[in-house]
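Here the structure is laid out as structure tokens; the discussion comes afterwards.
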Amino acid sequence: MLGEGILKGMVETARNFAGSYVSKDRLTTVEYPEERIAPKENARQFPFLVFDGNDPMAGLRCVACQICEKECPPKCIYIEKSKDKKPDFVGKMQFYPATFDIDVSVCMSCQICVEVCPFDAIKMDQEYELSNDDRFGGLLLNKTRLAKSNEYYGKMHPQEAGAIDESRLKTKEAAEAKVKADAEAKVKAAAEAKAKEAQPPTAPPNKGA
Amino acid sequence: MSTEALAEPPKNYEVRPKSSGQFEDDMGELLEVSMGPHHPSTHGVFRMDVVLDGERVVKLKPVFGYLHRNHEKIGEGASYLASMPYTDRLDYFCSMTNNWAYALSVEKLAGLQVPERAEYIRVITAELTRLVNHTCLMGFLVQDMGALGTPLMYAFREREKILDLFESLSGARMMCNYMRFGGCRCDLPTGWLEQAQKVVDEYPRFLDEYERLLMGNEILMARSQNVGVLPKELAVSAGITGPMLRASGVNYDIRKVDKYGIYDRFTFRVPLGDHGDVYDRLMVRLLEMRESLGILQQALKSIPDGPVVDPRAKLRGFKPKAGEAYGRIEAPKGELGFYLISDGSPNPYRYRVRPPSFVNLTVLEDMCLGHTVADVVIILGSVDIVLGEVDR
Amino acid sequence: MKDLESIKQQIEAGVAGAQVSLVPNDSPANQPSLLVDAAHGLAVATFLRDEAELRFDYCSNVTGVDWMETEQKTKVKQVFDGEEKEVEQVVKMPGYLEAVYHLYSMELRHGPLVIRLRTKNRTDEVELPSLTPVWRSCEFQEREIYDLYGIVFAGHPDLRRILMWDEFKDHPMRKDYVEPDDYEYEPTPHDEVLAKSKAHYPAEVKP
């Protein structure tokens, strides 16, 4: 019968229309500003810099090694190394970024900077409401705007952040233990040297490192 | 459709390209129309110079390059890894298969092995991509025929479920950037396989619904049957690949021929068309989706545990030995190949993409000759082009 | 598929006067190729398509490659006034453009066979025979090579620019192509583009 296929199709449309009142499968839209879907854990928007502690600038994990700048496919990262050094979380003297800018109008959210970073210093954010009326300045994020706390990161990716924190803690403990051991060894060595110098020992070796 | 088109089939069945400007002598009686570049039916910025005799097409020259950004030059200036996110932007519907094709070529070039689990993940994501692409294409094509809105929205509703899976896996819905040389970027999140299983289990219901909605529809049949016929010999000579080739009745599926990845472990059939017209191309894609679901069912049941990336693969400082490699896969649109020449430096010396929709456009004129302007729109729709890939 | 050596012999037996040589490929991909002389390119291609044992009826990929002039430094021993000295000799290897064809057989399901055609140099003798009469799939891809590399395919039915606009002069995929200062005014902060755009639009960009 001519028109049979059209009628069958109409029945499908009617079923979907009626079904949209009862089934969530058939009506999947969400009324956006009022209602939001929580982002997936893996969702990524633009990168941000992780800092530890309370002071964003002092606690930045970034050591300005510029690997991400080199690997970034659209070259949207701009880093200037600092002239001086400051101690990092284990106490080792490291450079820090004097300038760290990301042009998010160029960034394509590919996550390669995150993958290549050996210091877990740059991570992907899930913030997506970034519209701005300043096309150039407003989308050029500098160090202060990029810095976000480790707690913020931990809230987004609890497992991943936990694992990183743990490994960092281990490194730190190992480094502290090493420092301690080194200091002790130094004291010991100094004492032995002193002992050798002044034989027989008259004064106790008290000027350790 | 017009009955005249049936009575008088397109003339250029011989396998040989026509020279341009053959109608210029009697241009006075003909009408030259520029369709595009901003036209809803051209699926992007694509233009066709159409010469019309009344309503019949007597000459058609596709004009493109509006989206040209010299992807290949960018690839030659970037490291191997840095080209990976750019491949997402070739055919932006199928980023997973683009990733795979590129990763496959680099793996051939560098001799990397892919772990078992990663191969399974690749098959699963590639077949999901095929579902996304074919579902959307059917929606677009039907929209081109005049069924505004409804079928396309149903298609997009289903696509969204798969894109959700991609987002929870890779972090992005469309620009996945998920594969790496020698494996995949990260392992599946917990519960992902169950979610995927649910989507795959429910998909046949949607396909049945879609088939009932469209494929028996008299208007659709009248518009698409015997329109844009592509003969077998021309299809082979013109290097047509993918569903378009199989709709013309040539049994050539790279998943079967090359058995790349682990496709030899799955049983699936290759649907073939008889007539090579627009309706066949639609139907072949619908049947292919059912076969994809079969592959997905098998892969989701048998995916093993293990690592997802070759431990020898380096992320930074990746320098393959000098040489060249051509790797190809069966992308949803046809054969997607990457041809790489390495000179031992971190950047490829030559980085070439063999885009399926670019080559498939070769026969657009042959298929359109003798048809009306309204048919040109659906013939172009059935070729399934994405301009990000055509223009590169 | 038969190995490349026997295909080479078959071509040389089938096409009179054709010079075919093997180009090795060291990578793990193991896809060596055949270098065919340009004068017999069309005949060899037709032979490869029609020969019953080969039947390469499907030309998958056509690519241009630009090989620049290279300088090879070799140390040569020369005798100066009865004294033997090592002298560095610089041999200039001429550059050329290359068209690479990847052939498969849909009928016999084998492949790939890679054949290459080379131009004489990179500047004025850049003509190669078009293989579009043999495989229609070369039509757009050869146009693309003409557009981006500047190889002129003799016998191509419709050789025009395809991706760049018709008025465009250079061939952007060549290795020595120099980008113009800017295609469009699009300053991005912290970029050399900004400096270039300042030179172009001094009034528009605030210092």
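Letters A, B and C mark the chains in the order given here, with residues in each chain numbered from 1 onward.
By our rule, a contact is a pair of C-beta atoms (placed from the backbone, for glycine too) under 8 Å apart; a residue touches a chain by one contact, two chains touch by 3 or more.
Every value quoted in this text rests on a predicted model; they were computed, and no experiment measured them.
The leading chain pair by number of C-beta pairs in contact is B-C.
Set against the C-alpha centre of chain A, every other chain centre is closer than that of C. Centre to centre, using the average C-alpha position, chain A and chain B are separated by 36 Å. Computed from the mean C-alpha positions, the centre of chain B lies at a distance of 26 Å from the centre of chain C. Chain geometry summary: the mean Cα position of chain A and that of chain C are 44 Å apart. The set of chain A residues that touch two or more partner chains is empty. Looking at chain C, no residue sits in touch with two or more other chains.
Contact residues of chain A toward chain B in the complex are 2-6, 8-9, 11-13, 16, 25-26, 28, 40-44, 67, 71-73, 108-112, 115-116, 124. By the touch rule above, chain C contacts chain B in their complex via residues 25-29, 31, 57-61, 63, 65, 100, 102, 106, 109, 112, 114, 132-133, 135-137, 139-141, 148, 157-158, 160-165, 172-173. The touching residues of chain B, when paired with chain A in their complex, are 78-79, 81-86, 150, 154, 157, 160, 164, 167-172, 175, 177, 185-186, 189, 202, 209, 212-221, 315-316. Considering their complex, residues 15-20, 64-65, 68, 70, 72-73, 108-111, 234, 236-241, 250, 252, 257, 320-328, 335, 337, 339, 341-342, 350, 352, 354, 358-359, 361-363, 391-392 of chain B touch chain C.
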